[in-house]
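As structure tokens, here come the structures.
Shared chain: chain A. Partners: chain B in the first complex, chain C in the second.
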Partner chain A sequence: MMEDPTLQRKTTILVVDDEDHIVRVVAFKLRAAGFEVIEAFDGEEAWTRLRDTEIDLVLTDQQMPVLDGIGLARRIAADDRFAGVPVVMLTARGFRLDPEEFAGTGIVEMLDKPFSPRVLLERVRANLDRGSSRREAA
Partner chain B sequence: MTPAVMRSAAADLLVGGEIAGVGAVWVPVEADGPRWPVIDDPIASWRQALIAGAAPIRAALDRRLDEIMAGTGTIVEIMPGIAAIGSVIPDREQASNGVAVLPTAELVGEGSLAMLCSAARLDETLIRSLAAEAMLPPRAALPALSVLVRRLHRAALERMRERESQQSVDRRLAESYEELHLLNSLIDGLVVGGDADEFLRSACAELAATAGYGWIAVLVDEPGDVVSDELVLHGEGAPSRSRLRTLAEQAGDASVTAIDTEEEGEIGIASIRGGGRPIGVLLAGGRGGEAMSSVELTLLASAAGHLGVFLRNAMLYADLDAMFLGTLQAMVAAIDAKDPYTRGHSQRVAELSRDLAAAIGLPDSFVRTAHLSGLVHDIGKIGVPEAVLRKAGRLDDDEFALIRQHPQTGYRILKDIPQIRDLLPGVLCHHEAWDGSGYPAGLESREIPLLARIVAICDSFDAMSSNRTYRNARPRDEVFAEIRRCAGVKYDPDIVPVFLGMNFEAYDRLLERDARDQSTELGEAA
Partner chain C sequence: MADPALLAGLIGFAGGGVAATIAAMRWQGRRMRRTCERALDDDVDAATLPAAVARLVEARRAAVDGARRDATLGARIAEERATRSSRMLDALEDAVLVLDSTGEVMERNATADALASAWGERDPRRLDTVVPSLPAAREILDLARGLGDADPAAVRRTSFRIVVDDGEERDFDASIRRIDDAGRCVVVLRETTREREIARVRSEFVAQASHELRTPLSSIRATLEMLEEGDLDDPDAQAEMLAIASEEADRLARLVDDMLDISRIEAGVARPTIERIDLGGLAAEVVEGLQAAADRRDLRLELHVEGDGLIVEGDRAMLATVIGNLVGNAVKYVPEGERISVEVAAEDLTRSVVVTVTDTGLGIPPEDLPRIFDKFYRVRRYERRARGTGLGLDLCRNIVEQVHRGRIGVDSNLGEGARFWFGVPALHASSVAA
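After this line comes the complex of A and B, so read on.
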């Protein structure tokens, strides 16, 4: 079967977490909702994936080995190629970012773990909508 | 499409992909006959276009289907240059049967190609060149291919099963996360002494959203002081109150169960237990005909477990609170008994203080404190001799000194009870005056605790508005004028206008009732 180039590209989400059960749950939920999902298990691996594939939204854990969520978000925000790619971050309950840490990271939302997969899907959709209307307005 | 059919379509696609690798077209065979694949691209897959597109091949396969499907690996040459290999794999849940149809090298030589191309409306020259380029296997290679087809078929089904079990693990994992999240948010709301109505409502909303219910209902056996109504309902389309009761009875003692009703569809029912006995029922439904799985029932049961713990705690707390208030009221009744002229005074000051604190806009906890502080403000009068309290004439200096001790006496009585520490300023300082002329400490303006400034106005107002040993009640306008005159002298000038703006209807009813009781009692005494 040949790929029809006129077919619309699926919205692609990069899911990053060092705990593979989290990646599996999130990927399962997002794929079942029709999204394309790329998986990565630390920030550095995520960065490589970002450069090979067109990504519409990054969903990342904060605490990870090698490169953490904030580090990844900061790199994304600093690179013109990924300008405007929204980052949703999963954090342990009670984790709070200082506003100055938040600044210049492209993080649009933080979600507490343990999260509800249903709510997570809703928030991904909402942030994608917001992102596209922002791009259209620009 | 039912899940079983979807599953088999996915399996066919996977098997078809594998079989295409050996140059064959996979034709799944169901009980009612072969299911020919849809031709998607005649050039990329000329074999598929030829085999699925040529009616004579379909007819030949139909004719000899029983023979082909007789055993797995059976090879039948259905026409010169077109071979069919049957593959039958009995699966645990669902058999997967099909035929791999493939062109062999003989197709080009023995002449049926021209006929087939015209039947399938394909360009013969093009197909002939594609077939030549493809290096079709000779007839002699068919036994080896048959083994390969069977292996590929089996391997593809194996992969399919793995993928499915992986997905079912992921689905279960996602459901567990959902449950964990629900329980976490319920625990967040488990604040003892918090608003039970509010907690039940938010718990129902959370459960409805998580498990996809149209409605959730909680029936509480003995609402008492804990919840405002025996029924807490979330969502639309729930059965009536009496119907819910009937359903709850139908479920009996089961910890969790589903009842299939004709009118309302399937309804999940979980017993809410607290302190080892049933104290209520959690009901959920409105899933639009969708069956309830064990996952939803487990979720319902864990939510009911948490509700049970919460309700039980709330009930214990309410009991404790009622006992505490009862104790205070008993102490207050002891003072009232000493002097029928002040009967009901404490309760009236309590209610006025509560209303005034609320009118000022203070938080609920302070409003409650003001109520209790008003109730016990005169408790120190227990230490004042009855002769002094009931004396109709003028008090001499010694007698007045005894009266003036009641704030400290009250403070000493109550100070060792930790639960009422907050009330103490109202007891000790309710006779302090804004200008510093009061007692016992002679505090002035904002040195006087706010609670005491509140109780002080209410105390004076009630004293002036009711009959006393030494005089009769004064008219309302006169009392108001006196309080207004004393704003900034005896009373906090900021609080006075708020007090004068209050509604005194409830107070007047209370006053009238107490006055009736008082006259009866004084009449009996005389």
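After this line comes the complex of A and C, so read on.
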């Protein structure tokens, strides 16, 4: 099942989490919905994947070794090559981020862990739509 | 009680006066009194006085001396009491200040002195010398002033924070009470920095624990929802996701167990069953239990027990947990094909039995060594190798140090493996080579 049959390639989501079980569960749900999924286990590894693959949306955990989700989102926002790539963040902190922590990141949405795979998929789709309409408007 | 000699003297004196006229007696009486007074003031040599007068003077002198002595004693008692009170005040860990009705500092104890000198002593009459935050000092003075017509038992409270030059923050609770009708007040400052720090550590632990609990819950919840919604109709997919959920449920259970064990020990409510334990035998049991896991990862797991009688007194299940966690960590984190060696031996110097777990794995980066026993601390380079609770080593430390009064530690060089060890006191000297 293709997300958008007019596209030459499948819509690609980069899933980043240091917990490989979570990566496997999320990737399973997204692949079943027709997305291409690239996996990474910390921010630095995700950054490498971003540079060698065309990514449409980044779904990242917040607390990770080496480079955390906020650091990754900040790098993405600061780099023109990734302009308009939305970042959805999963957090197990149980409380909201401060606005300062958000500043300078491309984070468009935060989702709490434990999460509903169905809601996660809905939010990924919604943010992809918003991202593409933003890109078209630009 | 009358002195018989004095009475006889007085009678003789009175007898001598019979021959004189009443006026002469009166004159003599006045003269006598003056003489007595002068004698009492040491102006007259006692030897020049009639014997009876001399006795009288002597008696008066004794009485005056006694009174003087009593006065000195009273003063000394009062002085001792004042010294004791001031020492008591100085012994208090709280800073105590007395303010007059204008808010000037009249007195302060040693703790208040120490605070004033910590901030850099200024005018000792000003409250802001001890409370170097103008808003806080002003609030305390306002509260003191407000106590003017209040019930004498009334207490006003406030709290404030002092930021020291180096950025250190110190917190205080202040209580203000009136001590007399002249409007004087006593201000007691209690430092709460440590309590705040304990509360901060506790809240950080709760936040971290909630994070750790949410992680396994995520996989379990996600799997259940996908199962419910028919995403897992493919038997292979279903088996894969259910295996994840089941592993995460085990992890959740271990996490909760570790958290409870640690908090019981830390709160001092753990009830260890203390018995004689052969640590060599216990290590053998634990190693045997982990052999299969080691085999699966192609690890050589060896046990060396040095002699018999490595007896300690301790809680069997708890010590098995310590050995199990140390060996289990090695089995989880050491790369396949490496070697793990468990050694149990007596240590003469400390009269203890020491268990050492040495591996030929990756070693631990020096920056991680000091924190490796901390709650939820994980060595970053190992993080993805295995799913631990992040509490295993903290639990080991608690069991060894708090419950068994032993020692635990680690030595490692990056790239050269690690050596975790713990020692608990040996039960009797005979188990330790003389």
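One rule holds for everything that comes next: the second predicted complex is superposed on the first by the 130 of 138 C-alpha atoms of A that agree within 3 Å, B and C clash if a C-alpha of one lies under 4 Å from a C-alpha of the other, contacts with A are read in each partner's own complex, and residues count from 1 in each chain.
The rule is short, and it goes like this: a residue touches a chain if its C-beta (ideal position, glycine included) is under 8 Å from a C-beta of that chain, and two chains touch if they have at least 3 such contacts.
What you see is a predicted model, and the numbers here were worked out from it, not measured in a lab.
Once both complexes are superposed on chain A, the partners chain B and chain C clash. When chain A is checked against chain B and against chain C, the one touching more of its residues turns out to be C. Within the superposed three-chain model, A:Val66 lies in touch with chain C and out of touch with chain B [touch as defined at top]. In the superposition on chain A, A:His21 makes contact with both chain B and chain C.
In the superposed model, A:Phe41 makes contact with chain C only, not with chain B. In the superposition on chain A, contact of A:Ala92 is made with chain C only, not with chain B. In the superposition on chain A, A:Arg123 contacts neither chain B nor chain C. Once the two complexes are laid over each other on the shared chain, residue contacts for A:Phe115 go to chain B and to chain C alike. Chain A uses residues 21, 24-25, 28-29, 114-118 to touch chain B in one structure and chain C in the other. Listing the residues of chain A that touch chain B in their complex gives 1-2, 21, 24-25, 27-29, 114-119. Interface residues of chain C facing chain A in the complex, by the touch rule stated above, are 207, 210-211, 214-215, 217-223, 225-226, 229, 231, 237, 240-241, 244, 247-248, 378, 380, 383-384, 387. Residues 40-41, 44-45, 167, 169-171, 173-174, 177-178, 180-182, 184, 209-210 of chain B are the ones that touch chain A when the two sit in their complex. Per the touch definition, chain A reaches chain C in the complex via residues 18-22, 24-26, 28-29, 32, 41, 63, 65-66, 92-94, 112-118.
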